[in-house]
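The two complexes that follow have chain A in common; it is paired with chain B in the first and with chain C in the second.
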Partner chain A sequence: MEGGNFCCTLLIACCLSVWVTADQYKVYPILGVSGKDDVYAGAWISIFTGFSFFCLGVFGIIGLVSGNRLMVLLYLVLMLFVYMFECASCITSYTHRDFVVSNPNLVTKQMLTFYAAPTAQGRELTRMWDRIMMEQQYCGTSGPMDWVNYSSTFRTFYPEVVSPWPFLCCKRDPNFVILSQEGCRIGHVDYINNKGCFDHIGHAVDSYTWGVSWFGFAILMFTCPVMLVAMYHYTTL
Partner chain B sequence: MQTHLGSQPTFWEPLALMCSLRPQIANTRFATNNPTLTTVALEKPFCVFDGSLSQGVSYVVYLYVKADAGNSSVTDNSSKPLDTTFQETNGGQLGPYKAATFGVPNCASPPKLSDVTDTQKVSDLLNQYLLRVGDDRSCLYDPNFQGACNPPLVQNTAYRFKYILVDKAAGVMKDQTLWSDQIKTNKMKQSSTIDTWPGRRSGGMIVVTSILSTLMFFLLLGFLASIFCVVNGSGEPETAMETRHESQITQQGVLSVQGSAETAN
Partner chain C sequence: SVTRSVTGPSNLHFNLLLDFNISTPPGLLTPAFAESLLVAVPPCQFTGANAMKGRILKAETDIRHFTAPPCRSRRYVLSVGDSNDGFTVTRLDAYQVTGLIPGQTYRVCVSGALILSPSSSPGMDHQSIPPEMARSGGMVVITVLLSIAMFLLLVGLIAVLVIAGRK
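Coming up: the complex of A and B.
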């Protein structure tokens, strides 16, 4: 009956969640530093629930085939539990996405607070921002003016006259030498990366959320009738 | 400033240059970060003093800076330029201070702004074209520093600027621009005041939450219903079936016992 397809889907769900937790965009520090990494928690939960669904699917098939009423009852109860967890994972992932990337404020504030801060979190976040700004040639969250308009940890270490923004915001030649420090300092468009990183980070978090939430959602939509059918079977045993 | 000048009819030029020119802030499309918290980038006075230059005399241009409120005289009674410093005027609050001195910009061959993309020339170009007020962090603390100190300005303060042309040998002012319009340095917003509230929830979140809650509700309902069905329904028919089954067995047993008894008989 429903078993074969069901198990396959759940294995795929498992894989997807592994993809999320592996964090190919490497934006985990942004979420981790704030103590709000629910997308990853969601992904871990969905790995767990995916696997549980798979095992329970096998268990349920055995129960139904052998016509053992107790096994089917146990199957239903456990399925309900796992279902609840998967729901929670979907909903928290999405809520968390809204919290982090519905507007750039949170990411901006975090960047200003932690960039260049001499703490473990600060170092981790600084590394991440440096890497994104360097690889993607972005600057700041919404643009270089983030660094200028707001007070920040970075500003306490580097006066504005010398470096209004981190030097990784400056455009560089292929040898990674800054094209012109003066040009970068006054913000001439040819010497500074004008684009903010928010799109990149938003895209990463969005695609994780998409994976965990919508795929989980699809699985749950599929599991619901499966369980209803199983309940019906249970009453006719 | 050059483009501005270029568009004017030539016969207006001397008059315009003499009377109405004032220091201009550098084009914000050219220098996007301007004014900043502590600096203001001004355009150098190209062609502004041309009417006052005479051959064979060497000139120098001074830049005076004052906070909006301070008094505005930059020369003493004998039209000698004041030699006030940043500290003496309390950063321009009490009166203008001399922030920079530089040669008269060359009107005949002004820098080509299109050269800015050339990384070899950009540094020179910016030096020729722009004057960054508030550029020097160290001069205030350097006891050996000579000349006009140009330390960082104060944030969120309105400043005015004035260029004057000085005859180097005589040491007297030959010409001056008007005081510039107010140019206010930026105000720094505290990053702790950024509001991180996400605002409205996205449609996706609402869809996921509402549909999943509904599904969960139906599943629980279904589960309870099936339990109820089984407990309630199994009471009579199933026990009846079982008893019937049992009775059949007992009957069979009885029959077989009877049968065996018969055969025995």
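Coming up: the complex of A and C.
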């Protein structure tokens, strides 16, 4: 029964990691460009370790039932090996989440550097920001003032008088027509989206991290006594 | 408020106390951009012979002038489609001064009286944003507990191998 529960938990872990790698919030470019993408790497590792734990769980059950000492020893050694990988995935996933979303600075700096840049990374990030600003009706990281308070690559292409911020920040009607371009340009609150995207991005990355890191941690805390019990059984064989 | 001397009928002099506020225009995110400023112009009744003229200066040099806009005629164009029909019309009267330098203070004067001293936004370099990272408690908890668990398992495995080897 213990083995059955174990196997089910690990299959759930595998599925959760698949959800993270599928990235429904589509915020991967922020992590990828910053190099702090271990939230996703951790998810890929969790898919591997979740499935490995499941296979090893079945193997361990067979070994313990048949009383074969070599099988149980092999089970213990391999479990320890996979345990190490899962530990690494939890820790690095959480660390990289802290790098990226504990503070808006990294996301703001990345947005100002890469939005509207003609490089491949710039295009990818521009597409991502455009999509988030359009779908969620937000503007910038902390708000439209990010574009005014700091210099940016966007500013090198568009003078402040013409376009102080991207026009995707403007409030639009249901037909996606800007309500008032002039009102948006001068920053009237009726015509511009005032809220920043950071909360949304933070929520997305946090959801992924809780799934990979905390759930993985819970599995490891559960696996530890299971393995200690298996070690005890090995000594009685 | 600003006082202004006008000559009325029978050559009587009046001192009008013009009580208006030419501070920042209402409803804006900010009146101060890095290279431009938004200044509310005086209300439209101060036109014609009593037109309010304003100046924007940097140090003692005039940069721009503006005048109060005339009122529209009595057609109440702004009342068309008012909130009775479920949508609102927003009207803003402001003057945008462009071509400014970031991080400078300017002065706005109306009829010789200093009204306002806005500063343009300094426009900091985005490369200078410091990458702050807050270390959260969760990271410490996960690392400590997993290290302890790993240690226990290694010790357990070694002990088991020793015990099984002695048997």
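Basically, the second predicted complex is superposed on the first by the 236 of 237 C-alpha atoms of A that agree within 3 Å, B and C clash if a C-alpha of one lies under 4 Å from a C-alpha of the other, contacts with A are read in each partner's own complex, and residues count from 1 in each chain.
In this section, a contact is a pair of C-beta atoms (placed from the backbone, for glycine too) under 8 Å apart; a residue touches a chain by one contact, two chains touch by 3 or more.
Here the structure is a predicted model, which is why all the values come from computation and not from measurement.
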| item | value |
| --- | --- |
| Clash-or-fit label for the pair chain B, chain C on chain A | clash |
| First (chain B), second (chain C), both or neither touched by A:98 | both |
| First (chain B), second (chain C), both or neither touched by A:162 | first |
| Shared chain A surface residues [contacts with chain B and with chain C] | 69, 76-77, 80, 83-84, 87, 90-91, 94-95, 98-99, 102-103, 105-106, 108-109, 112-113, 144-145, 148-152, 159-161, 164, 180, 183, 186-192, 194, 213-214, 217, 220-221, 224, 227-228, 231-232, 234-235 |
| Chain C-facing residues of chain A, complex | 69, 73, 76-77, 80, 83-84, 87, 90-91, 94-95, 98-99, 102-103, 105-106, 108-109, 112-113, 143-145, 148-152, 159-161, 164, 180, 183, 186-192, 194, 213-214, 217, 220-221, 224, 227-228, 231-232, 234-235 |
| Residues of chain A that touch chain B when the two form their complex | 69, 76-77, 80, 83-84, 87, 90-91, 94-95, 97-99, 102-103, 105-106, 108-109, 112-113, 144-145, 148-152, 155, 159-162, 164, 173, 179-180, 182-183, 185-192, 194, 213-214, 217, 220-221, 224, 227-228, 231-232, 234-235 |
| Chain C to chain A touching residues, read off their complex | 27-30, 33-36, 38, 88, 90, 92, 94, 96, 98, 121-127, 129-136, 138-139, 142-143, 145-146, 149-150, 152-154, 156-157, 159-161, 163-164 |
| Of chain B, residues touching chain A in the complex | 26, 29-34, 36-39, 41, 116-117, 119, 122-123, 126-127, 130, 132, 134-137, 152, 186, 188-192, 194-202, 204-205, 208-209, 211-213, 215-216, 218-220, 222-223, 225-226, 229-230, 233 |
